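Below you'll find the structures, each written out as structure tokens.
Shared chain: subunit A. Partners: subunit B in the first complex, subunit C in the second.
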Partner chain A sequence: MAGDTPMLDDLEKGPWPSFVKEMKRAAKKNKAAEDLVGVVELSYKDKITHWKHGGIVGVTGYGGGVIGRYSDVPEQFPNAEQFHTMRINHPSGWFYNTKSLRTVCDIWEKHGSGLTNFHGSTGDIILLGTKTENLQPAFDEYIEHGFDLGGSGSVLRSPSGCVGPARCEWACFDSLDLIYDLTQSFQDELHRPRWPYKFKIKASACPNDCVAAIARADFTIIGTWRDSLSINQEEVKVYAEKGMNIQKDIVANCPGSALTYDESNGELHVQPEDCVRCMHCINKMSKAIKIGKDRGATILVGGKAPILKGAFLSFVLVPFMKIEPPYTEIKDLLFKIWDWWDEHGRNRERVAETIGRRGFKEFLKGVDLKPVPQMVKHPRTNPFVFF
Partner chain B sequence: MKKTDIGPPDFRMMLPDIIKENYGKWQHHEILKPGLMKHVAESGSELYTVRVGSPRLVSIDFIRDICDVADKYCDGFLRFTSRSNVELLVSKKENVEPMIEDIKKLGLPIGGIGDCISNIVHTQGWIHCHSSATDASGLVKAIMDELIEYFTEFKLHAKLRIAVACCINMCGAVHCSDLAIVGIHTKPPKIDNSKLSAVCEIPSTIASCPTGAIHRHPDKNINGLELKEERCMYCGNCYTVCPAMPLADPVGDGVAIYVGGKVSNARKAPMFSKLAVPFIPNNPPRWPEVTSVLKNIVEVYAKNSRKYERMGEWIERVGWERFFSLTGIQFTEQHIDDFSGAMDTLRSTTQFRW
Partner chain C sequence: MSDITSDELKQKILDHLKTVDKTKNRDVAKALDEEKRMVDKAIGELATEGKIEYLYLNGSYITLKK
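Moving on to the complex of A and B:
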């Protein structure tokens, strides 16, 4: 029984939708959810977590996708003693039809607490709270209805990508199809851990990077183009007429100093070789300025959070690659990276850390790529060079 | 033989007709108001997107409520964003306003598109995580209750992205956000040598420490570990590999606030968030000290930034010294980096402001 929960009750008030209300909604129908409310209230009172460290649980044939979770206060809250999580791999772009979504809910009502995250940080549907004995039946039913587990542990985590060509004029490749294809192609890598640590793939179809691929993925795919953006002068004039200060708001913000605006005739011109494809002018003048036509992606590697050698933003590995089915070039590159990392990586070392320890030079040899200036901010400043 | 490895459903079954018909053929879009945008395809088709805030930790009945709305107005299709917003996609303009009314009846806010604060990316916290140094859902609720006007109205010069991670593992990867709230421990692990050798691998636990603070216990009769506490920076990596080294502490745990990160390449290159406030103790259920610091930073940024300037771009322009003086946040020794890459953060120029 949850008992009185004055601290959580306070979080039912206020304008932003309340997770406490959601927990209590689930608690009306499910004893584990009811006890969860009590466990969390106790954490609020004690200012400390009441979940124990790990626990290995899973489903037959898989090495991940389920996170074992046990409470450290099972006497007080017996129904939440086991509160395991299942990760369900989301469809590309987090698009759903309501029939599928209702099915996900119905199965979780039967086998779990009724609480979820839509979605977890990596992208999966997170189903929070079930007992060990329910895992296999829940999994079997999800598989029956076309859903599979996502990744956890030292595996390929569920790849994710932006909304892409489904609803965006700036998609330089089909992020949804690419993510679906990679996810299907690497099911073994996703479900059975065999690497030093986790590996994440994310794809944003333009340099706005709506899924934060550069910060969150070991393998980052960001759409770009090789030719020039195009400018419709009639539409430029419309923006100016509507009060946009094109010189100040657009030209002065261009990081490549590639734009010039002629106030006498109201025309905006670009020097394509100076454009760094930052997206600012395109973002602000969506009707007038279009992305280039020779489209593909920049491939970057190494993005990760601070554990353990510090956070990294992904760095450029391949300045331009065409991204088209069957995506052979990108898959070949992934296999080369995984082979090199598997060979040289230490336990719990992300690929950026292995690269940092062994050197980017050695990594490039390992994946058969030649050094190009686009890979560095600047060349080295010290004279300690190996020949 | 049971089926395995089928992967996720094909996204193509999840797309409404208007998207199937105009896939890859969108021409431009306009943000009509916070939470409403219109995409126009080459064919002339118009697609309206309504963005709805969600607490992310939701019951299946919440999902069913949203499905009811999508069935009524969106031909039974919807999507979620990477920041856990719900997006309802409407092909008939006349459905937009009635749908917005229905969403409001559910008590859900509409906003987060354009120069707004969008939903807060966050982690599990005390709901579900063994290594959390704070709660995530509660912090998010307390922060968004304070800042909701920035979600539902245009009050900023650029978008502002907030993220909460309940420990420095950052499973929410918050380290490139305009505002990042990170749960931190400030006390070293308490080693339990009575069970350590039974539940942990001693060499890999020693190897897990980035500062070399962990070594074998000097007493040969104790099969366990000892910690040089002065070397510990509370990263918790040892606890991740060894359950007998817990470091959560009701007094020592709290949050740090980082500012000025971004991932978009627009204008300036992507940048990390940098430390603004080193430590604020946990004060549930509403963390008032955290929300007041954040509100102040947002207000100072809104007042002093220029058109289109993200938090980090504004700080780079005015300088960190002015960030601290304008916000009234104290600069302390904790702000000076002493981890990897620290020397690159020192200022080797006489250019600065008073």
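Moving on to the complex of A and C:
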């Protein structure tokens, strides 16, 4: 049982929300949460984690969605000896009603510690702390209420995407529908580990990339357009009248030097072939500048955090693809990537690392794609590449 | 690769798993000289039937249910 916790108490100070405060609230109602406070305090004191993870834990038929966690100090904190995590697949765009949220929490208070994490970095609802014997009953109850486990281990992690057209005028495709469709289509890949390591799909419906897909996903889908952004000259004039320095703040910051501003008539013009879709002008002058009409997405591959090798940003694989139901083109590409990676990837090797080891040329052959200039890093500044 | 039924493939997988402590789908497919996608499907069914289970030890593996 947890005693004095001076180090954790220190983390409650300050104006920001504190996880310690929430753990202590849960500890009043739940023995496992009470011992969790003690384990975490001890970890800070000893400057080492007292958690081990892995082994066989899960629910029948699933190989992902549960992360086994055990304390290495069970004699001191017996109620936190097993403190497994469950991941619940989030809805597209993280839309819930309060009834759904209460259901999630009520089930977890019944079968687990009551502690949650909304949301984990994969996007899932993270339910912290339960025993092996409680996993199946908790899962059965979540299934009964229409929820399912998310991914963990060497599986397809729960696909996630931005809020898209539900709230954003810049969405170049329906990220909510795409993520829902991919989640439903790849249930087997999500629940049954079969690959060298994890694989993440994230979709941002415009180049602002609100879900940071470029840095966090092995398969990155970022909305873009093929034609030109559109400019409403009357609205441009309104911005100028209100004091915006269009030349300095917009035109001079255009990375492709695609914009020109004529102060004599107050008109802003764009050279579409020089626009690199950075979104700066659209973000700053949202009433005057709109995204193009021929919309789709750029597909990139290889984003990841450091594990075997350092952090990678995704790199361009398909410069433009229409993203429309039933999403056959994108699914075909995914299957080709998975087949190639599954054949050549080493254990715990992310797809970017396999590509790095085997070569991009071999990867492109494996997925039936031809090299194009957009695959080159900074193609517009490379004198050997023309496009 | 052989032309075997789903039940025969599942039995071959179970027999193979008796010879190893833990393994991955790809290694099962190679050992049995069967198509990986068929092996993935059969392993998924065996997991649903409760005959095998998944193990996480620095990567995911399958093993016979003890």
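By our rule, the second predicted complex is superposed on the first by the 376 of 387 C-alpha atoms of A that agree within 3 Å, B and C clash if a C-alpha of one lies under 4 Å from a C-alpha of the other, contacts with A are read in each partner's own complex, and residues count from 1 in each chain.
Assume a contact is a pair of C-beta atoms (placed from the backbone, for glycine too) under 8 Å apart; a residue touches a chain by one contact, two chains touch by 3 or more.
Fair warning: this is a prediction, and the values are worked out from it, not measured in the lab.
Visitor: Of the partners subunit B and subunit C, which touch A:261 in the superposed model: first, second, both, neither?
Guide: neither
Visitor: Look at A:90 in the shared chain and tell me whether it touches subunit B only, subunit C only, both, or neither; answer first, second, both or neither.
Guide: A:90 sits against subunit B, while subunit C stays out of touch.
Visitor: Report the partner of subunit A that touches more of its residues: subunit B or subunit C.
Guide: B
Visitor: Contacts for A:188 in the overlay, against subunit B (first) and subunit C (second): which applies, first, second, both or neither?
Guide: both
Visitor: Applying the touch criterion given at the start, work out whether A:54 contacts subunit B, subunit C, both or neither, answering first, second, both or neither.
Guide: A:54 contacts both subunit B and subunit C.
Visitor: Applying the touch criterion given at the start, work out whether A:239 contacts subunit B, subunit C, both or neither, answering first, second, both or neither.
Guide: Neither partner.
Visitor: For A:219, decide between first (touching subunit B), second (touching subunit C), both and neither.
Guide: neither
Visitor: When the two structures are overlaid on chain A, which partner does A:347 contact: first (subunit B), second (subunit C), both, or neither?
Guide: A:347 contacts both subunit B and subunit C.
Visitor: Using the superposition on chain A described above, determine whether A:62 touches subunit B (first), subunit C (second), both, or neither.
Guide: In the superposed model, A:62 contacts both subunit B and subunit C.
Visitor: Can you list the residues of subunit A that meet both subunit B and subunit C?
Guide: Shared contact residues on subunit A: 53-54, 60-62, 188, 347-348.
Visitor: Which residues of subunit C touch subunit A once you look at their complex with the stated criterion?
Guide: Checking each residue of subunit C against subunit A gives 24-26, 36, 40-41, 43-44, 47-48, 50, 53-63.
Visitor: Once bound in the complex, which stretches of subunit B touch subunit A?
Guide: Going by the criterion above, the answer is residues 2-11, 13-15, 19, 23-24, 26-30, 39, 47, 49, 53-64, 67, 70-71, 76-82, 84, 86, 89, 107-109, 121, 123-132, 135, 137-138, 140-142, 144-145, 148, 165, 168-176, 204, 207-208, 210, 235, 237, 239-241, 243, 246, 248-251, 253, 261, 263-270, 272, 282, 284-286, 307-308, 339-341.
Visitor: Which part of subunit A faces subunit B closely enough to touch in the complex?
Guide: Those in contact with subunit B are residues 7-8, 10-11, 13-20, 22-23, 25-26, 33, 36, 40, 43-44, 46-54, 60-62, 69, 83, 85, 89-102, 104-106, 108-109, 114-119, 121-123, 128, 140, 143-144, 146-148, 158, 160, 162-163, 165-169, 171, 174, 176-177, 180, 183-184, 187-188, 191, 207-216, 222, 249, 253, 255, 276-280, 283-284, 286-287, 304-311, 313, 347-348.
Visitor: Using the touch definition up top, name the residues of subunit A that touch subunit C in the complex.
Guide: 53-56, 58, 60-64, 67-68, 152-155, 188, 192-194, 196-197, 339, 342-343, 347-348
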